[in-house]
Each structure stands twice: as structure tokens, then as C-alpha cells.
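What follows is chain A paired twice: with chain B in the first complex and chain C in the second.
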Partner chain A sequence: MEAGKTSDKPRDLDLLFNARSVAVVGASANPEKLGYEILNNLINMGYSGPIYPINPKADEILGLKAYPSLSDVGQPIDLIGVIVPGKFAPGVIEEAGKLGVKNAVVISGGFREIGNDELEAAMVAAAEAGGVGIIGPNCQGINYPANKLCLSWPLIKRKGGLALICQSGTIAAALGDRADKEGIGIAGLVALGNRCDIDESDLIEFFGADPNTDAIAVYLEGIRDGEKFMEVGKRVGKLKPVLVLKGGRTERGRKAAESHTKSIAGRGEIFDAALRKVGFEKVESIDELYDCAKALSAEKKRPGKRVQVLTSSGGSGIVAVDILEELGLDVAPLSEAGRKRLAETLPSHCVIGNPLDLTGDTPAERYQEAVLALAETEPGIDLYLLIFGDPIPRATENCREIKAAVDRPLVACYIGGGEVEEVEFKKMNSLKIPTFPTPERAARAARSILTGRKE
Partner chain B sequence: MNPQELLARAKEEGRSLLEPEAYAVLAAYGIPVLDYRLATSPEEASRMAEEIGFPAAMKVVSPDVIHKSDSGGVKLGIGSPAAAAEAFAEINDAVAESVEDARIEGVLIVPMAAGGIEVIAGMVRDPQFGPAVMFGLGGIFVEILKDVAFEIAPVSREEAGRLIKSIKGYPLLAGARGSKPCDLESLGSVITGLSRLALELDEVKEIDLNPVLASPDGARVLDARILL
Partner chain C sequence: MEAGKTSDKPRDLDLLFNARSVAVVGASANPEKLGYEILNNLINMGYSGPIYPINPKADEILGLKAYPSLSDVGQPIDLIGVIVPGKFAPGVIEEAGKLGVKNAVVISGGFREIGNDELEAAMVAAAEAGGVGIIGPNCQGINYPANKLCLSWPLIKRKGGLALICQSGTIAAALGDRADKEGIGIAGLVALGNRCDIDESDLIEFFGADPNTDAIAVYLEGIRDGEKFMEVGKRVGKLKPVLVLKGGRTERGRKAAESHTKSIAGRGEIFDAALRKVGFEKVESIDELYDCAKALSAEKKRPGKRVQVLTSSGGSGIVAVDILEELGLDVAPLSEAGRKRLAETLPSHCVIGNPLDLTGDTPAERYQEAVLALAETEPGIDLYLLIFGDPIPRATENCREIKAAVDRPLVACYIGGGEVEEVEFKKMNSLKIPTFPTPERAARAARSILTGRKE
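This part shows the complex of A and B:
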């Protein structure tokens, strides 16, 4: 817990994300400026409530009437984005408090991150006096597609099930961008910045209860309030998958984290123990954070560890088997009955076993035939990993039919498929068939779905 | 004296707990410690060693001695009452010589422990998450392989069991290669006891139980440091 702060209850953030009106303080008509980009993104996102650009030197920005100050708006404002130079931020927050503004996303920098603790303290004091909640400062903003609210960059419009909470704006943007490009979309995105007020626990609580969110991906360099984190974690850990990447695992990484976000970090092993205790999942890389969140937003966790690999590519199948085994999963051989049934079902040049090599000429339908045969003869299989290792059209349709017929999680890898892959990859992901570009990433995602223990 | 009183006294005297005080505090939280006596004269040493049983081990008790063995403050394998009286005198002389003005409270007498597997257990306070209990294999395993794991307090019996199973060396405790499995319930009570102690006694900053001897007949703390 940071000095001078006491552990408190998680905040009600409904009016932050479901704000009914937004003012952009520091909006600009100059396309070079962040104040332009933020306003432009908010407009292009399709935000349906009133938007008030605030700029004392403009009458109109991007086709909207501009106001010299918040007080000149004369209408209720739920949320403000603050992009003015940091030294003006405490004054803006003070004014906002008097006007009944509920929350502020302070994108401006120049606070604690450069050693200017007094400025940040002045802003926090103004926020406390006026009852304004603050995200940031020194942050990349928030995005909540359910309310078409983008006070951030880049513009990400696609709504999906992933909530991204990051102590790094770039990591948040990178994850959001990926989710957008892959057709998955986001439930929300928050860049925490210096977290002078609203912190990771408040946000985990919000997205834990948010009906749009299926999985929560978190990047942190330190915890702001350990007690609150555990309290929130105990609730949300039971409701939804929460994946956490902790920056600063090594001694030198920890030092870098301290100077980046002024995080106080204890021992890494104790952080890991805290995650384990509340049922959050620890991951080791940005890829893993994204991949596991994606897998768990599509598939429910399942006890067990037996994986059946189906592939059109011998090599990719072998790589997948190696990683699955190294991760402690069980790529078990087929039973006699299973082998016999597949021999009857499949063309004679298929290599029957685990991995099951359907070979390079396989149409997508062969995956479906094979899985349906296995579902009858091998009830012990806990998860199917399908590798489409060639340009195989209709992979999506077949996966959907498999999902409808078979009560087991499905993870796919699409690799070496050229233009067909580009189309299928995005289609599969958008339909919640978690699909990955390499066998190792698919295997790691499979590991996050299977808990290992058979209850 | 109860644990609170022992802590209050040590705090007043500006020191951490002496070994027999640490044992008393641990025992109050159900953590299995060896039978022990504190002798303050050669005569007491003879009598107490006989009560404890032979062979016995003897260790100096002093707030000024940090490295007991290096200061000549430890004697092992005491086989008779006469040897205990002799060891008492030798320990006093050796410590007085190697540590200037050392205050000697007496000599601790415990039975020599044999057999079993050395593990370590401890408690640290994290600036974010509060007290956490640590468990691992002792000796070279902790030094070279760093085979330790943590659990945030409060630690339930079930979590203590999971913590024990989570270390790489767990098969050794579970009875690898046909040996008898260690008493894991008893080891678990060391962990849950540390958790309760940490939550109730805020003044305790850090605990280091190294080693704890795990055996089929139960776990026993062989050395304890409780820092305030």
C-alpha cells in the first residue's frame, strides 16, 4: 500500500464507463495534437451522448461547438478527458468537482512520473474535495465499446469479450489492436498511468461484474493496495478468468519498473502466491497474456489434461505434441477401438495416432469426421487441438459444427495457409474458436484451459 | 510467560527473541518443537540433560551471539550427565573468549535429532500482501536449487498441503524410492501455525525455522530465529 493511503472498498465505476456525456478538456483543431486525436476518436467511435470540446481559443472543433471552460457548458457532464498541460490539471479537476463531474481521465503527463509529486498531490486533493474519480494521470485513456466511448488511441471499435487493464499504454493498445485485427474485439481497455486514484483492483472489480466481459488481461508492474487486490480477487477469481503479466520479475526489470511507474514491488514469489490464492493466472509474456485471455474468453476451464492433436502438417503436429507434453498435458495414445474406428472413417494414407495426421490433402470436413468418430470412441479426451497446416477453406464452418456436436474445448492453429489462412483465421477467432498462428501458442492456450486436475 | 509477554520483554530490552523464547512462542501456536531446557549452571546442565535423554545437544543462549557454532557455543552428542556439566563450562568459556562482553543467559539443552529430511519454513512480511509463509527443502536444496514456495496468510490446512506439494522436492517427503513418507499433517501444522502467529503477533517481523526435521514420526523445529 502506498504511503498515506488506507485500504478502501472498490469504487463504483458505472458512470465512468457508461458516462452519459463527455467533455474533452484540451480538445484541439490541430491534427498534430493529441487533443485532436482524442476528440476525433470519440466522434468516430460513434459516441451517442453529447460531446463538449473545451478550448478557450476555438468556437468549433471537428464540427462541434467548443466552450472556453467546463463551467461554460451549462449542461451536466459525467466524464471529462483531460489533455491540457499537467500544471493546469488540478484547476480543471477543481472546476469539474464544483460542476458535479463524476470522473476524469487524465491523459496529461508531468506528474509523479517525472518526480513532480506536489502537482499530483494537488490534483488528488482537488479530486477528493470535489468527489471526482481519476484515471491516470500520464495514461493512454480508456475505451469501452459497449458505450461507444473511446477516450484513447488508437481507435478500436470492435466490441468483444476481452477486458484489458494495463499499467502501460502501449501494451494496452497493442493487445487491443491485436484483438481488433483478429476479429475478437474488446470489452474494455484501460491504461492505468500513475493510478493516483482509481486502481487495478477497482477495474478488475468493474470488469468482473461487467456482462460484456468474458476474460480480463492485466499488465502490472506493482500492486497499489495489496489488501484491496486480494479482497477483489477472491470475488472476481471465482467469476471470470483473470490473467496477469507482472513486469519486473528480475532484479533489473524491477528497478526499471520502479522508475517507470514508481511501483513498490515486493518479492516476485509472493506476488505469484497472491495470484494463486485468488485464482488469477500468472503469465510470462505479452503473447501469453493475449493468447490465454483469448482462449479463456472463448472456452470454459476444464479439469483434465488429455489432448488430442489433429493436423494436416506432420511437423506442426510434432511441435505441438512436444510443447503440450512439456507443459504437463497428456497427449495420450488412442485406444484400439479408437484406432479401428478412425481406420474405417479416414482414407488409408492418414496416419492414425496422436497426433492424428490427416495429411496435406485434407479438406476441412475430414477434421469433423475424425473428431466425431473420436468423440464416440475416446470419451477421455479433454480438449481437441486442430492444426490447419495448409490453405484449407471452410475450416471455420467445420470447427463450428464440431463445437456444436462435441462437448469439449477446441483450440486451433492455422499455419502455412496463405490467403485462405488470412480469411479463416479472422473468421474463426471472431466466432470464438480460439485460433493461433503457431502450434506452440495454441498448445500454451490449451494449457490455460485445462486445469490438470480431474475432479 | 505467554507469547505477548515474551515479545514485550524482548522489545523492551531492544533485542530479538532468544532461542528458548522462540520455542515457547512457536509451541503456543501448535508448532512442534523439541523438548528443551535452559541450564544456568553445570549442575543444572547435568540434571536437565538426564531429563531430556542422551545423546543431547547443547547451545549457548545469548542476545550477543549471532553465529553460535563459530563462537564455540554449540556441543553435540552429549552422552552423560558429567559430559553435560563439562560442556556447559566449555561453552561458557569459549563464548566469553570469542565474543567480548557477551551476555550469556544460559545453555539450551535439547535431544539430538536423527534421521528424517531437513526442510525450512519461515515467515516474511510483504509491503503489499502482508504476512506470507515460506516452505522448502533445507540444506543444499535451498542454497543451490532455491526450491522454496510461498503462500499468503491466512493459510488454511488445505493450502498448507498444497504448498508442501508445490515444491520440486516433494517426492522426497512423500516417500521416494520406498522410504516411509514423512508426516505431512505435522509439517502442515508448522505452516498453519506460522500463518496464525504472523496474523496475531504484528511485532514479529520475520521468522526463520532452519532446519525443521521432517520424519515419519512428525516434524520438529531444530533451530528458530524470530526477529522483531
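This part shows the complex of A and C:
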């Protein structure tokens, strides 16, 4: 276990994410400063509770009345964002504790990450004495769109089903930015920083119970408290999909991790065993973390292996078959009845099989006709992988109708579709049709869906 | 070897790509038709030679005088694009042969891919009799920006160093589209289709000698003529990097490939051995095909293993170290002299090592200072991987200066950089600083560069 404040039981983080009032300590009127960007993002996010900028040298910042100190506010404050230089942070936390502030997001650096363990210990002591929960320090903050609470950057407004918990602000920002651009959005984003107090287990517990969250993506260099992690994991692993990318898998990566957030990077095998035990899924790359979480925020896990590929592009269909088979899935041939039924349904130049090649002239509707036919003759199919390998308009509407009619998960790939693809790709993802730019990435996401346990 | 016209020696394709005049047989005035899109793209590409639309029912199409048949043109024609229904193609080729047309790009389908082997044989016979070279049939055409010749879709105008040869129109289009969007551009693009005549070996030979081409990316389901492939490969493999993704690696993928372009999909092991022998690089996914070709169109291969990572994001640096080590590269620690020199050069909060963490406040210039210091104290470094894990303006200018000063390849990753990233990512790639969206993809590209043989 690492140094810092801890609690054996997961913390109640409701008033962190659902804070009813926020003070920004170190708010600045200078657009070059982080204290400006944080306050500006909170305002532009549309946060509806009172916002109190704290700055002894300003009367007003970004149109809001500023206060010299937290004590001067004279109103209850649930949450503070802290962007003052690290050396002032213990004093701020002490004052906050006396005023009944519940939580602090300490963005400031200058603590354990540069060897200043004493400063971090002093802040933790102040937090313990005052009953203040701390995210950070040395972190990129939090974002919770359900409460329009962005104490972070970049500004991500789009609300969706993905919760992101990362021991790296950059990775959190990159994942959140993708989710925003693809039309998916986030349930929440937390950059853990030095995690002197609130840790990954507390956050997994919160998002596990959070009604806005469909899937949880985690980047971790090490587990802070093994027992707590297992206890939370056993519970949340049954409720929601949790995907984990571990930094520090190799010996040299592990050493780098230890000097990064001064966290004890877990040994790979122990880490993997812990994940397996609680039913979290280990992933191997940032792309896979994002892709699988996206898939599982849209489709429920189910047990199974059999995947039916439908494609407008012969080559992309073959690439999909290769990778699906290499991943241990089963691209099973069609039954005689299925072949016969498709031959009656589809134009004669389609290539009937698995992959089912609808060929380059296919309209979106042909996918639907084919899937509906297959749903009747091939009950053994566990998942449909639809490849739109040309500019095929109305792919979105078509997929929605398929989803409404067929009781199987659906994963899509849109590739080589030019301007039509740009429109459909975002539309599909925003409507929870998990869509990927290559067959390989779609196949990995499909495997992730098919890891459900038998009831 | 497959059915169809063949020649043991690679063909001279100069007048295919550098055609001085082009007729579009099946040109159409109806924007819904492919015969319109092809002609429109050729015009909008800015092709400077004469263009002859052929259509018996039109006097003029898209502002150009149209002719009832090729024979009515009355001028020399180097190249024809064929978009008429397949059944008319043998007649068109026969007529073309009599008129001295050198090559035809047959986009029309309806041949071997739907079991109509006789029609394809008839067209091949006409081509042989008339000395006409054929790309296709059943293909997505060709694009050669150096001659402003786009007989394909989508319209890709940006000229660059990547040649794309694909037995899948969709994969060719997807790769070309990416190269265009990322500011890289293409040297050429060819969709092989049924490849009844001109094959991958002819094209590898052409782009191997083409001065516009820096790297060749190939998607193949099988090799058409093994001997010719080996003969061409041995030559081109020494001249230029050739990256190959094989469709049909698995048994079921192989069967699908055989029904796709009716080509004989090679057995994986034999295929792999052939690639090794000629020095082509096998890749495992569409992303890897693109990424490695992009890297090798910008940086020369060299032998080596040692990679130095510089990063503004601790987490991304750790992810990079893990994957580099897993790929068999060497993220070696710094020498004492190197550590000392960096400690003198960099601000004290930077974390000196490998990865070298310049931390989140780094300006672009700090990368340059660090690399210049390392170049003096660590001559054993084979490649620098620079991770810009925040919005860091002027990354491009900085990388260019590093490249000018340091005799080592450079690969970059831009991640979590929001709007600044969008600008810098494209600028960097367009200036041949190969830049990737994740550390994992950058690491794979780095490995590709470090596969050079010792002199």
C-alpha cells in the first residue's frame, strides 16, 4: 500500500460528482493561466450551482464575484478545485476542512512526483483532520457531465455512457476527446494524479453504481490498495463492464511507472490474476481500451463464439474473418437452409457464405434483409459484424432497424466510405451502434462483447 | 498460377501511369452513375492531356465533346477507362487493340467474380491479340497524382510518397483517403480487382523504379505468379520498403479469399517465406500497413534496437516503453554522462531517464534541447520517439530543427492535445515527420524503421 490517507471501505463520492457548489482556488483572469482555463471550462460547461472564484488580488473574474479566501465566501461549499502553487495547498485544505468542504480536486503539482513527500503528507494530514476527500494532487481533474461539472481540460460537454478513470491526465483527455468527437460522450472522467486519497477503487465503486455509466475504462500503473480493489471489484465486476489497461507491464515500463506517479507498479501476473478474479477485462493498448469500452457501453456481454460477417467489401470481409478466427472466435459456415434462404432473398451476384459479401452495389437495406433472413435460419449466431466498405448512406437507420428486430449484439465497421462515412460513423456511434474504422478493431470489440459468462 | 493473360517478365507500365491521352468508355452525364463520377474525377484531378468521353447517346458530357465509339475519336489514345457493362468489355478491348491503345483500366464487373469465366477469357484473348494491358476487371481503378490521372474514386489529389497496391478497392480507398486527410498524399493507388493481366509484380516493379514513390503498401490475398514475384521482389526489396498485409491467413479467411477475387490464396507459411526472402515486411493489420508505410516513406530503414523516448506525458511514456520492449526493442537507460548533461540542461522537475519525462509544462523547444544533449552523450541511440502528450504548439517546427541537426530517425506521437493536436498532427505528417495518434502505433512504426540490414 502506498503512503497517503486511506480508508478500507470505498468512499461516498456523491457530493464530489454531484457537488451543489464549487469554489475555484487559484482562479485567474489571465487567459494564459490554468486557473483561467479551469474556471472558464466550469462556466462554459453550464454548471448550475454557485461558482466562487478565489483570488486575493481580484474582485471579479470572468463575470463572477471573486473572494480573497474560502472563508470570505460565507456560503456552504461542497467542492473546491485547487490550482494554487503546491506549497499553499495544505493551508487551503485546512481552511476547507474548517468550512465543511467535502472534497477537493487538487490540480496543483509540486508534491511526491518531484520528491516533495513532506508537502504531500502535510496536505493529507490536513485533509484527514478536516474530513476533506482529495482527488490528486498533480492531476488533470474531473468531469461529470450529468452535473455539468468540468473541473478539468479539455472541455468535454457531451454526456454518454463511458466512465474514464486514468492514472494519466493525457490518456484521460485523449479518450474523452475521442468519445466527444465520435458522438459518444462520457459519463465521467477522472485523472488520478498522485492519488494521495481517493483512489481507483473508490471511483470504480462510484461509477459502478452511477446510473449514467454503462462501461468503465481504466488506465492504471498499479493498484493502490489491493484488498479494497478486490472487494469493490467483486461487486462492480458483476454489475458493469470494466476494462483495464496496465502501464508498466515490462520491467522497464514498471520502473518508469514508479518514477511517474511514485506509485508502486504491480507485477504483471499478480495484476492480471486480480483482474480475472473480479471479472474485469485486461486490454493491451489505448485503442483497445477505448474500443472495447465503447462496444460494451452499447452492447451487453453475452457468452458465445459464433460471428456472422456481412460486408460490401470482399477484402475487408476477409480481413475480418482472419482476425476473428485468430482471436478464437468462430466464423462458422452457414447451414444449407441459411444458404438457400439467402439465395432467395439476395441478388444473384452476392457471395453467400460467412463472410456474406453483399458486394459494392449494396444499399443499406440489403444488410437488413440479410440479417432478418439469417435470424430465422441461423439461431446459433451470437453476434453480427457489419462492414460498410463503401459510401453507403442510411447505414445508421438500417442498423437501428436491425437492432430493433434482432436479439443479438451488432458491431459495425465503416471503411473506405469517404464523406458519407464521416457522417454515418458519428451518427452510428452516437446512437449506440459501436462502429470502428477497421475490421481488426471491430473484431476485437466483438470479442469483448462475447466474453459474457453463461448464466 | 491463375488463369488469364500473363507474361514472365514485368510489364512496362510507363504509358499506363504516364498516359498522354485518356478515353472514358461508358462516360455518363447522369451524376448517379459511376461513368459520371470517373469522368468527373479525371477532370477535377486536373489531367492535362486530352480526355475523350465515349458514349453513343451523348454529344457532350461535363463540357467535353463525347464520341459514339473509340474509333470515332480519330486521335491517338494511350489509356482507356472501361465502365460499360461487362458483356461489352471484350468488344471494347478488341476495338482498343486495333486503335493502338496501350492499356485499359476495366472497372466493370460481371466476370470471374460471379463465375463468368468465359467472358473474362474472351476479354483476355482480345487484349492479347491487340497488345492491350489490362488492370482489373472488377476493380476500383488507378490514381497517379504525378500525371494528375485519377481513373478511380474517391478523388485523391494530394501527391506524396506512398504507393498503394491492393486486391481490394475498399482497402485501397481507405488507405488513400487517410493519406490525403493526414496531409501525406499518395504516389499512386491501384485496385487490382480480378487481375486478369497486370498484376502485383508488375506494379511493384513500376513503383519500385518510380521516382515519386518512397514506400509501397500492398494488400494481397495471393500471389499471382510466384516466380515473377520473387524476381521482382529481389530487385525492389533492395531499393524501397515494401509492406505487405495478407488476406486469407486463416483457413476460413483463405476460403473467403478464393471466392472473393477467385484468386488462389497462398498458404500463409509459403507466403511469409517468400516475403522474408525478398526483404518485404509482413504486417498484421490495416492500421499497421498504413502506419509502417507512412513511417518508411519518411525515414530510411537502419539497423538498431535502441530507442529513446521523450514525453510530456508520464503515462504515455510508460505505455510506449512497454510496447517497445514487448516488440523486442531496447529502451536502454541513459549513461551517467547523459544523465548529468540532461540535469544541467533541463528544469529540475523533469524526470531524467528513458522515458525522459519533460512533464506537462514543456514547450516544444525543450524536446530539441534534450535531443541535442542526448546526441552528444548517447551515440548508441538508434531512434527517437517523441510523445507530445498535451497541446504543445510549434511541435512541427521543433521536430524539423531536430531532424536537421541529428542523424537519427524520428517518430512522433501526438495525443491528448485537443485543437492544437489537430493542426500539428497534419503539419507534422505532411512534412515527413511520421506522427501517430497513440504510443503503441508509433512504437510499431519505429520497429519498422529499425529493421534495416547491416551494411
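Worth a mention:
The rule we apply is simple: the second predicted complex is superposed on the first by the 445 of 455 C-alpha atoms of A that agree within 3 Å, B and C clash if a C-alpha of one lies under 4 Å from a C-alpha of the other, contacts with A are read in each partner's own complex, and residues count from 1 in each chain.
In the analysis below, a residue touches a chain if its C-beta (ideal position, glycine included) is under 8 Å from a C-beta of that chain, and two chains touch if they have at least 3 such contacts.
Being a predicted model, the structure only gives us computed values, none of them experimental.
Once chain A of one complex is fitted onto chain A of the other, the partner contacts of A:Lys87 are absent, as it touches neither chain B nor chain C. Residue contacts after overlaying the shared chain place A:Thr250 against chain C, while chain B stays out of touching range.
Within the superposed three-chain model, A:Gly226 lies in touch with chain B and out of touch with chain C [touch as defined at top]. Contact with neither chain B nor chain C is seen for A:Lys65 once the two complexes are overlaid on the shared chain. Applying the stated contact rule after C-alpha superposition, one finds that A:Lys238 touches neither chain B nor chain C. Set against each other, chain B and chain C touch different numbers of residues in chain A, with C touching more. Common to the chain B-facing and chain C-facing surfaces of chain A is no residue whatsoever. Taken in their complex, chain C has these residues touching chain A: 109-110, 114, 153-154, 166-174, 177, 219, 221, 245, 247-253, 256-257, 259-261, 285-287, 312-319, 321-323, 325-326, 331, 348-349, 351, 353-355, 357, 360, 389-390, 415-416, 418, 438-441. Of all residues in chain B, only 124, 126-130, 132, 148-152, 159 touch chain A in the complex they form.
Residues 1, 222-223, 225-227, 229-230, 264-267, 269-274, 277 of chain A are the ones that touch chain B when the two sit in their complex.
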